[in-house]
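Note that the chains are named A, B and C in the order they appear, and that numbering of residues resets to 1 at the start of each chain.
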Amino acid sequence: MKRRKLLSLFLVAAMVLTMAGCGGKSAADAMGEEQPDTAQTQEQEPETEGDAQEAAEGESSAAQPAELDTSERVDLVFYVMGDAPDDEQMVEDAINEILLEKVNATIDMQFSTWTDFQQKYSLELTAGSADLIYIANWLNYGQLATSGAFEELDDLLDTVAPVLKETVGETNLDMCRVEGKIYAVPCAWAEYVCNGIKYREDLREKYDLPVPDSLENLEAYLMGIKENDPNQGLLTVTTEESQGFLTGFDAAWVFNLKYPWVNANGLPYGLASDYDSPADVYDYWYSDDFAEDMKLMKKWADLGFWSKSALSDTNNSESYKNGLCVAEVAGQNPNKQITALQDFKNDGHDDWKSEYIAYGEITNTIYPGHATQNGTAVVRGSKNPERALKVLEILMTDEEVNRLVQYGIEGVHYEIDDQGIYHNLEPAHPTFAYEGFNTWALRNGEFKLPQETDIVLNEMFDKYEKLGEQTKFPNVNIYNGFSENYDAYQAERTAVSNVMKQYLAPLQAGLVDNVDAAVEEFRQKMTDAGIEICRDGFKEQWAAYCDEYGYK
Amino acid sequence: MKIKKAGTTVVFEVITYALLAIGSIVCVFPFIIILSGSFTDNTTILTQGYSILPRDFTLSAYQTIFRAPRDILQAYKMTLYYTVVGTAVGLFMITLTGYVISRKEFKYRNQVSFLIYFTSIFGGGMIPWYLMYANVLNMKGSTFAIWFPALMSPFLVILMRTFIVGSVPDAITESAKIDGAGHFTIFIKIVMPVLKPGLATVGLFLALGYWNDWYRSSMFSTNSLTWELQFYLYDLLNATTALKQMTQGTGISTAQLPTESVKLAMAVVATGPILLLYPFVQKYFVSGITVGAVKG
Amino acid sequence: MEKELKLLPRFNSILDKEFAGRQTGVFITAAVSLLNIVLSLPFLSWINLVNIPVLFPRLKITRDMAENIFQGYSIFNLLSFVKESNQGMIGLYAMILLVILAAALYFNAAYAVRVIFNLKGNKGNLIIYATGRTAMIFQMMLAGAAFGYTVFANSKFGMRGFQASPVVYIVFVLSLLSYLAVKVMESYERAVYKEHGILEEIRKNWVLFIMLIPTFVYFMINNYLPMIGVYYAFTNFNFRDGLWASPFIGFKNFDFLIKADLFRLTRNTILYNLVFIGVGNILQIIFAIFVSQVTVKWFKKTSQTLMFMPYFVSFVILKVLVYNIFEYQYGLINNIVTSMGGDRIDFYNTPSYWPVLITLFYLWKNIGYGMVVYLATIIGIDTEYYEAAKVDGANIFQQIWYITLPLVKPTFIILLLYALGSIMKGQFELFYQMIGNNGVLYNVTDIFDTYVYRITMTQPLSIGLGTAAGLYQSLFGFIIVVLINFLVKRRNPEYALF
């Protein structure tokens, strides 16, 4: 009895084996002759999960800038960076009153705060709870758009927000294209963020030193101050906070004085190309120039231009403001110069004078900021993409609403004087500061109220605009329009980033004993980390980009 | 009654007092620097460094922090609320669980302990955790999302089990059971009273966890009215680094950033109250001994 | 139970027959276990693709993609289908199947081994039956889930494209029968040993179960449900497809860990943690004993409070303090050194100082905090022990050695075991703030967490990467804890964590 039972069990097993054993074959043969069909399906738009997408496309087929159906009230969320102003609710109420009347919608601003904001920004997109979101290239706009985080706006702009499209302008919108599609609406206000050197003009005059417009003059300027006042701090530099692939240590920014690069600090992975010939990429890290430059850094470090512990320096935000250093070379821009002027005045240092010299002035590579530096996008998965875009249009193009969202309520938060200058009514502790919602992406040159400091700033911008005209590509920001897709070499890229921290930073900080040996070691480690793979990947994409836009 | 101390005891006491004194000084020293720094003029700190006594005494750092007293008082209030609610509910749940998994007659006590412990090793990471509260439970912006996630921790549950096993002999609960007492009666009448040092320890850890937390506000708060105190201060600190990073490539005018002395004053403001609370908790550590002494 | 027995009298009589001195049923069900293992092996397909000419275009599978796609899949290579066909959505499901498969294989093998070698526990065959029951439950779950998979996939694509192979049905039926058989045998054995099952346990201790309900809810919400997220470790996330439908990429995310200097990172992390755990606990015990022995009340309270204070110093502040102490030109230490005529010490460019410094600051920050647990334990010790020892003439050192330390031991072991589970998880804030971006010090100060933090910073969409790193840490800690817990349990079950 039991034998038979066991036997039958194994019989069953054998049967199963024969029946199921044929599964390992490739399925290609079984596909049949459906080939052409398949290919066609491939060509079509990838289908998405969200209904919103389909709804959006349905809308676009209506073609006409038809009346938006506003019968149902919607409550939208606008996610922006930074901290909320005290009077958030009051201003929102004022805006919503108008929005309800115009498009039957309300808006709720949500703020990232400055804690872990990068992480929370991607979380917000993952969770998809916002409708409108602030975008910028420093928030990886390019990569996020490629990855499908935002709604495509090409058609929606025509059907829902033609006024917005006109206000911002085709050129600006084109700069926000990623893989041919528009995913964001940039602000309608051009600015120049030319990096440069901020230095103490009063000290320069006092000791009769040269203007730091070249490496030699910068050295002479710093040396001169050191000789006259040995206790004076000179430069405050530290390891790069942001994870760029350009430099490892702040001091290396000074080489922008020497090279007319297409972008501050060149191209990633130790590559470089000149502004006049962007497609002509050459090697920097493995060149003799690099070794020479590192020797200069060593010399400067030995001269005591910065602290020997600078790699770990933590306290650099206020050095210039408090006179602890006499020049800043990394991450500076005209706005920071204005801030310094203001700080000196507020702190009662009336005899201190700050002066600014842009690297591009010397190397003739002045270009404006890129449109993707401030923009707004519609989050993929938003239930009301049309309404969201419509609201964005109102926020940007309606003077009353734009003023409200940017400056708060007139008479409560700010006033405009006879010259049309903006004044906050509670300057000591503003309940709604200038651009208090941090909606830098909603700037509209037409309605923008100038602050007192904007007079100086605009002078600087005018100067740079003229200089920008004289370049080979007049007033074009070439590099920031490019977004790299590094999926294929992520692992190598990570390794390269580590080598930069470990070997490039001490080199650029001049903290090695033997520069030649350290350069050799750095290059070796880079090669081991697979820099060539990153470079090949980057070069290929960069060449294609330059080709597409005619940057020859 | 005075007993003559043995030589070894004297030696031991000398060592004890000496080492504790040294330890205390080492521990309190940085705190004194922070305290004095918070009363020092900012420029003085930057140019001359830290000192033990304040130089150029000023209250301006505290004035800056309390310039908007509404905000900081609100943050205090909320933190107090989270700490009280979280500690009370959490302590109750932890003690209950500790009691159950310390019962010998509970067949699955090892399995349950394992399942609880397992969560301290394995996790799905922050993203699914965030989505659980934000999207599934739709709790973003609520105070619930701030106190609930920290109610229990495997560490505290297991610590509580150890305390219960150590301080409640089986014989006592067995005899109570024979007298017809149910689990809840045993738990409240017998276990809780003898567990004072354990309750104080776990409660202290829970309360500290709530007091020091800023992460959940960072993740779930949509309105500064629900911010925890530490987040209120931490966010100000972070603004410095964040804005520096961000404004390199773009022309965003920066708001007023906190100065060094303000940072130090914040540390004092955030720490002060809980330091006043700690001696209060200490009472329970001491009382454990006196109960024993009376018995002896 | 009684009912079941009446329903299956004949079935029962077969099971009960003696064979080699034991019940036949045990051998039959063990054979089913072995058969289950065989049927689960990779060369048998569980799920077949049918109607391929219609199905593939619907899945947007092209001809060259189809080259790598099979007509039939076992559970083992089911994930490869997900990968080759870019069907992220069913990837998670395949993942769950794989986990159940692993459990089923483990318990089936364990059951077979236990039966063959007759490994009994202290309660007769009960442990064997429990294993068998678990094995069969998992096997049924596996078959059920595999069937569910086809239903799920078919409904997702709106056609009959996936079919469960006969293996699935056979496995299910066999496992169900074996399960019942084991259950019947178990009920006899239980009667012998007066053991009971879960229903009986719930009836008896329902109050305890009710006490656990809030805990259950909490850990489900906070820990167990989000655990599904480990699936992200095997995907390449993009927003277009979302969290669950992003392409499945197998172990590619783990490449980062392997390409990193994994050995060095693991070594650093473990060494630091061992020192932290070892030295930290010893000092905490010593200071707890000190504090408990102090009789002057104000001194006791003050020293305890003061030692607790460093815990409140946030790392952001600590970083600034440390920099001001160790800076080259103006730092406190170098000022002292130069005023005594010495040479300045270049701390921030000399890696060898930092392991010691980091350890010191860790101890500084945590001794007062960790001491509380030991203090509470020591206070809980009955003073009668000490009185008795004093009568016997034991001096203070002997009292500590023979009374305090042995009674502190259980707490110590629990804390130790607990800490070991996180041996691959470092004190991120401590290292990150103290070292920051100073690459010169990385060789000796880079731990796993700081490394992962840096790589995730270079990539905005590194969800998979971060999860993969976490998974590695968890697995590492898990294996260590299970091993050590096993050893502890063999010596003294009272001390074991679980």
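We adopt the following convention: contacts are C-beta pairs under 8 Å (C-beta built on N, C-alpha and C of every residue); 3 or more make two chains touch, one makes a residue touch a chain.
As the structure is a prediction and not an experimental result, all values here were calculated from the model.
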item	value
Chain located farthest away, centre of chain C as origin (C-alpha)	A
Comparison of B-C and A-B by number of C-beta pairs in contact, larger one	B-C
Inter-centroid spacing, chain B versus chain A (mean Cα positions, whole Å)	38
Gap in Å, rounded to a whole number, between the CA centres of chain C and chain B	25
Shared interface positions of chain C, touching two or more other chains	243, 320, 463
Residues within chain B bordering two or more other chains	127, 131, 234, 260
Junction residues of chain A, two or more chains touched	126, 241, 315
Touching residues on chain B, where the partner in the complex is chain C	6, 8-9, 12-13, 16-17, 19-21, 23-28, 30-31, 33-34, 49-50, 93, 96-97, 99-100, 103, 105-108, 110-117, 119-129, 131-132, 136-137, 148-149, 151-152, 154-155, 157-159, 162-163, 165-167, 182-184, 187, 197-198, 200-201, 204-205, 208, 212, 234, 237, 260, 263-264, 267, 270-271, 274-275, 278-279, 282, 285-286, 288-289, 292-293, 295-296
Residues of chain A that touch chain B when the two form their complex	81-84, 86, 110, 113-117, 120, 123, 126-127, 129, 136-138, 191-193, 195, 241-242, 315, 317-319, 322, 324, 330-331, 333-336, 338-339, 369, 373-374, 428-429, 433-435, 440, 480
Partner chain A, residues of chain C touching it in the complex	14, 17, 19, 24, 28, 31-32, 35, 38-39, 43-46, 48-49, 52-54, 56-57, 60-63, 66-74, 165-167, 170, 174, 236-243, 245, 255-256, 259-260, 319-320, 323, 326-329, 331, 346-349, 435-440, 442-443, 451, 454-455, 457-461, 463
Complex interface listing, chain A residues touching chain C	1-2, 5-6, 9-10, 12-13, 16-17, 19-28, 30-35, 37-39, 41-42, 46, 48-49, 118, 122, 125-126, 140, 143-144, 147-149, 238-241, 243, 248, 307-309, 311-315, 380, 486-487, 490-495, 497-498, 500-506, 511
Sites on chain C touched by chain B in the complex	196, 198, 201, 205, 207-208, 211-212, 214-215, 218-219, 221-230, 232, 243, 287, 290-294, 297, 299-314, 316-318, 320-321, 324, 330, 332, 364, 367-369, 372-373, 375-377, 379-384, 386-387, 395-397, 407, 410-411, 414-415, 418, 421-422, 463, 466-467, 470, 474, 477-478, 481, 494, 497-498
